[in-house]
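A short write-up of the structure that comes next.
For reference, chains read A, B, C, D and E in written order, and residue numbers begin at 1 within each chain.
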Amino acid sequence: MNVLNFVNAFFSDSAHWQGYDGIPQRFWEHVQYSVLALAVASAIGLPVGLLTGHTGRGGNALAFIANAARALPSFGLLVLAVLLIGFGLLPVMIPLVVLAIPPVLVTTYEAVRSVDPAPVDAARGMGMHESRILFQVELPVALPLVLSGLRSAAIQIVSTATIAAYVSLGGLGRYIIDGLYQRDYEKVVGGATLVAVLALATLALFWAAGRLAVSPGVRRR
Amino acid sequence: MSGFFDIPSDLQHSWAGLIGLHMREALLPVAAGLLLALPLAQVCGRFRWLYPPVLGVTTVLYAIPSLAFFVVLIDYTGQTELTVMIPLALYSLVVLVPAIVDGVRSVPDETLAAATAMGFGPVRRYLQVQLPIAAPAIIAGLRVATASSISLVSVGALIGNQGALGNLLAAAQKYDRPELAVNSVLTMAALAVLCDALLVLLRVLLTPWMPRGGSRRKPAARREELTPEGAVR
Amino acid sequence: SSDDTSDNPLEGEKAETGTVVVGSNNFAESTLLADIYGEALRAKGLKVSYKHNIGSRETTYGLMKNGSITVLPEYNGSLLAYLDPEAGQESTEAVNEAVKAKLDKKLTLLESSPAEDKDSVSVNAGTAKKYGLTAESTLADLKDIAPELVIGGSPEFQTRRQGLKGLESVYGLKFKSFKALDAGGPLTQAALSGNEVQAADIFTTDPTIVKEKFVVLKDPENLFGFANVTPLVHKDGLPQEGVDALNAVSAKLDTETLLDLDARIQLEKQDPLDVARAWLKSAGLD
Amino acid sequence: MIRIDSVTKRYPDGTVAVDRLSLEIPDRSITVLVGPSGCGKTTTLRMINRMVEPTEGTILLDGEDIQRQPVTTLRRSMGYVIQNAGLFQHRTIVDNIATVPRMLGWGKQRARERAAELMERVGLDTSLAKRYPYQLSGGQQQRVGVARALAADPPVLLMDEPFSAVDPVVRKGLQDELLRIQDELGKTIVFVTHDIDEAITLGTMVAVLREGGRLAQYAPPAELLSTPADGFVEDFLGADRGIRRLSFFPSAPLELTTDAVVPADAPAERIAAVRSPYLLVTDPDGRPLGWAERDRPTAGTIGTIEAIGTGRLLPYGRPFVPGADSLRVALDCAVLSPTGWAVAVDDEGRVTGVVSQQTIGEAIRAAHSAGRAEDEKAAG
Amino acid sequence: MIRIDSVTKRYPDGTVAVDRLSLEIPDRSITVLVGPSGCGKTTTLRMINRMVEPTEGTILLDGEDIQRQPVTTLRRSMGYVIQNAGLFQHRTIVDNIATVPRMLGWGKQRARERAAELMERVGLDTSLAKRYPYQLSGGQQQRVGVARALAADPPVLLMDEPFSAVDPVVRKGLQDELLRIQDELGKTIVFVTHDIDEAITLGTMVAVLREGGRLAQYAPPAELLSTPADGFVEDFLGADRGIRRLSFFPSAPLELTTDAVVPADAPAERIAAVRSPYLLVTDPDGRPLGWAERDRPTAGTIGTIEAIGTGRLLPYGRPFVPGADSLRVALDCAVLSPTGWAVAVDDEGRVTGVVSQQTIGEAIRAAHSAGRAEDEKAAG
């Protein structure tokens, strides 16, 4: 019953390392789903968050939308989407994107809102255009928080993308669902471990992105 | 028999019954999480070096898919509600611990110094000064944890009818009745929104001391909007 | 993978003494059969409670053993394949004997009904046309085609003998890949009709076979063996009048009837419990 | 009396915040700690109520080592007021003020009554009692902070830059309020500020600290201004030392002349009798109107001062009140006056005499030598 | 010249922040807007660079309505400095300063050179160029803010309480720096503060605003001090008006006496020849040592001043530099001196003479009447 034994057994079985059901393939599928979902969520959440954060208008509407989106259960959305749309990537992307939008949107909005108004004021007083103020003054300062929103979304996506397996797609969730029905704990624990590893890798990635993209003046280091 | 509220007999509950079940499975873990998080956060606040590792551990826990949790737990707790509720309680920790720690830390140094100087002991100071002032942050955390919990209960359907309203999703597939899935999703969303509204109300009741409305420029007013981003799945 | 679950604390809520707990797996027919058993028992004045949608056999068997469930609708051959993957299957009786021999001492099979619902490998109309497969084709005919086909089935199909393993060892079939779906449920039906998979594990009582013009491949080697609907019961939990009631049900239930009842649920969207009660009434078993 | 005895505070990171500091803080007076940022003022103050423990040295309260008593008892016997008041934002004003009494076990009713009493004492309308801190202005919050510190009537009050976050006008009001309260209640107040003006306004004794927490000078403000111990203190005191020091000399001893004060309707003889070159013209009630130049004929007859109507009187600047104002005010009035004479008035604003800048200068010198004589007596 | 012409600003919520304000802001000088909190200073300033649009009235820049030009062009022609500097924390100091030049399309190299030049101009070491704002002290940050505003050499500089967040000592330094920069560059500066002292120190013209954004008085600081328009302005100016006004009178015209200045090693005859009751004793270089009393024998012979060695000389207080210091400093020195005489020194600190408080008083009166005469000439 030792979880570590399962992990060990799972990873030392060479059959788990090759083929369409092998770890590399499933891992790669999982990464693909996650990146796609995060990209879509960012494409929606970032511009809206930046804009509303910059103007300060629409914050209440935004909070409402974000809370409503939070209230939608991912698993439910998935099942519903499959029933209504059928198979494919789309029904999986819907819950993942809905899941990721609130953190991206709200954090981006908050990040821009909470930028010290003084430099913004100074920039405006210098005759900077609004778009320039947003991208050259507010965004660089808001970046750590924006990244943290993206990170939070990414981790949730990575963890939740396992549901893709429930509707017969691949990804690391495959091991968990299959393990459940086959009553094969090695697979469940192995799959969960892989998800956790991917989550940690995501954390590391965002940490590195933060180091690279955030100005030392903002990091204060 | 194919109506919106016609629940298949094998779920053995009426719609209202499922709602009651769902609320129990969703809210008890949050309550338990809060009870656990309070002392944990206090310890993290006390020994600051402990906070980063605790955050790390909770983040990893939080990355583990709920289904995997359920499956592993079945062996210990059987196919019961408990199996669903334990992971949910753990997930709520991930949101609540940072919310409480940050909330408690957000108490201005001056206020703390004033309390200390008045002869407040550590316990009294925590209970009478830090905790009340952290209340908005804690409730913000509870809001996220509750929404998340309500959503996650549904995954319990996969381990054998333990998903309350989520069982409707399984039934929708089994009998090819999409309206059941719609019912499930909408009901869960409505419950989440309702709980959220109740928590906001609670916050308003608990914090008559917070500036309202027009004074959004003050930093204190900003805090409430800053919901921690935690384990919403 | 884990037959030996006796030390698992799969306790669940232990059945209340005197109450018969009827369980079911997570597909519609299982629910229907459980309802039929349960209502038939109830008609005999027994206290009945249900535990539906539990999951795969891998899970339900454990719950049977520890007494959480008293009665479970089973399919004799499939159960045998689970208990003894290598066992051959010659006849319903032989299968039942073999099962009883392998069963946990606390469990037993009651009488099988003539109604049969087997796993099968079916291909969709397009595939059948492409490779010239007909209702007369057998699994052996897939030998050369299989590497070009994606096969779908429940996740457990992948590891069971009455699944990929047996298909390979008995017929030498190696499919291109396996797609995990559900236990012959809507996912599988949709995947097969949408050509997501070209072959799938479909239950022979599935009304969509007719509707979607799926071609069920014959199984000359009896890999999927016999699948007579048979109640699996816990010896301590069921009084004699219960045994009699279930045997009476088995006697009346045939494949025709099962097909009809399934269609009522799946196609006409009737509630399984209503369907069960109606049939019991019409069969004079209530 | 609080006695700080050769106290050193070294923080764990090695910073020496306070370095062998010794101070005797007299009872029932305001002792101000002043110095540049980071010179250890806050650290010193907090060592008194043991929010910071000294690394070396002892602090005695009424002769007893403060380490001897339980820390909460010690703290409850000392009020503590800080910048931005440090109010409990989650409690109403009245509950904020009643905090310590409640902690000491007073009944709710009694604590609230006490709070209401204190609100009045610090100049807050009791209608604010049920408000929350965010509903108050900075100055009002600061008053609540003072009231809260006074609530349990502690003998000692520690104040750490309490007024530095409010604007200068409000600040002045708070300082006056504090002096008034101190007059009434006679607490032992230790007050930290980095504003030397505030130190001089409030302090009975002023301790000037320098970087590294070393004492540069400890003296009454007048002495600080007259004889700064070294260049550091002198720089810190800034310009105007001399004039500011005059605040400590009363204007009462000034000899007033009434000869040049003439009512507007005075007879010509009266005016002719004036010897000084300027005449201070008053209205019938004796309030000053302005200066007329004796040798410079105004529009009308020389005899009666017709200047009044013509508005050609010279402005008299501002008057001073001999009993209440200091020599500084008198000198300012003299300097402001185009004639060099300052106008003295009584409480009602009626002229009691005029005094020349020269006379004021003599008074200043006299005050100086009196001070010196005292110093010499003390030294000898 | 900036001309604010009957401008009113009403915010959407109904607050009238500025009420029919008219001001003429002269070129190449510092115009200060001062007044209590909320009186519309910031609003007025921001209307000049159109960060706030007036509800009524017009603002003319060199005769042209500012509404006529594109808003960004207008803003780029005006430097803007605010409290806490408002630096871009993600950019280095040099990049902060180079912001506007870069926006105007200057090359990177040229913009950086310009930035380095400006850092020197505002008194910042160029070694700080690569630092980030958080690595600077408040005063340094404020200097960067000024440099940044000056970067594109705009003719106009708008400053909104730029120095109010730094401590008094640093603030003094920044004010001096600003005056020096203004001397060198001759910008048109509009400066907002709520500190009347700062207004008087910096302003060529001072506009005192009152609640509701109405102009109370607009005058040069000396005039403000001598003749406040009404009670509001008088209250706002506070005490010491007279003495502060002396800052505007130079001490150069004071007649110095050298008779009483005696080197420590002077022969007895020289000492005997002194008529005044006090002698200022200097060292061989001519630097002051202290006062000796002629009629009070010191420890040694009367003839040679043995007092020096015995330390019994009276302190001479602080000296003033006739060319550089104002009458205010001279008076302060006199008042501080126990003898009532102020000591004048040259740049090197060598005594150039002494002057009595009485003489200073006469100089003050003379300055007054000179001012009056000018006023009359202006009026007549």
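Here is the rule we go by: contacts are C-beta pairs under 8 Å (C-beta built on N, C-alpha and C of every residue); 3 or more make two chains touch, one makes a residue touch a chain.
Values in this document were obtained by computation on a predicted structure and should not be read as measured data.
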So if I look at the partners of chain B and the partners of chain D, which chains show up in both lists?
none
Chain pair, most C-beta pairs within the contact cut-off:
A-B
Taking each chain's centre as the mean of its CA atoms, how far is chain A from chain E in angstrom?
57
Please tell me the distance, in whole Å, between the geometric centres of chain A and chain C computed from their C-alpha atoms.
40
Geometric centre distance via CA averages, chain E-chain B, whole Å
60
Which positions in chain C touch two or more other chains at once?
55, 59, 186-187
Name the residues of chain B that each touch 2 or more other chains.
75, 157, 159, 170, 173, 176
Among the chains present, which pairs are found to touch?
A-B, A-C, A-E, B-C, B-D, D-E
In the complex, chain E residues that touch chain A:
49, 51, 71-76, 78, 80, 82-92, 99-100, 103, 132-134, 145, 148, 158
Touching chain E in the complex, chain D uses residues 36-37, 167-169, 194-196, 226-227, 234, 239-243, 245-246, 314-315, 317-318, 328-329, 331-340, 357-358, 361-362, 364-365, 368-369, 372
Which residues of chain B touch chain C in the complex?
1-2, 6, 8-12, 74-76, 78-80, 157, 159-161, 167, 170, 173-177
Spell out the residues on chain C that touch chain A in their complex, using ranges where they run on.
1-2, 5, 55-56, 58-59, 62, 152, 154-156, 158-159, 177-181, 186-187, 190-191, 194, 196
Residue set of chain C touching chain B in the complex reads 8-13, 24, 26-28, 31, 34-35, 50-55, 59, 63, 68, 182, 185-187, 265-266, 269-274
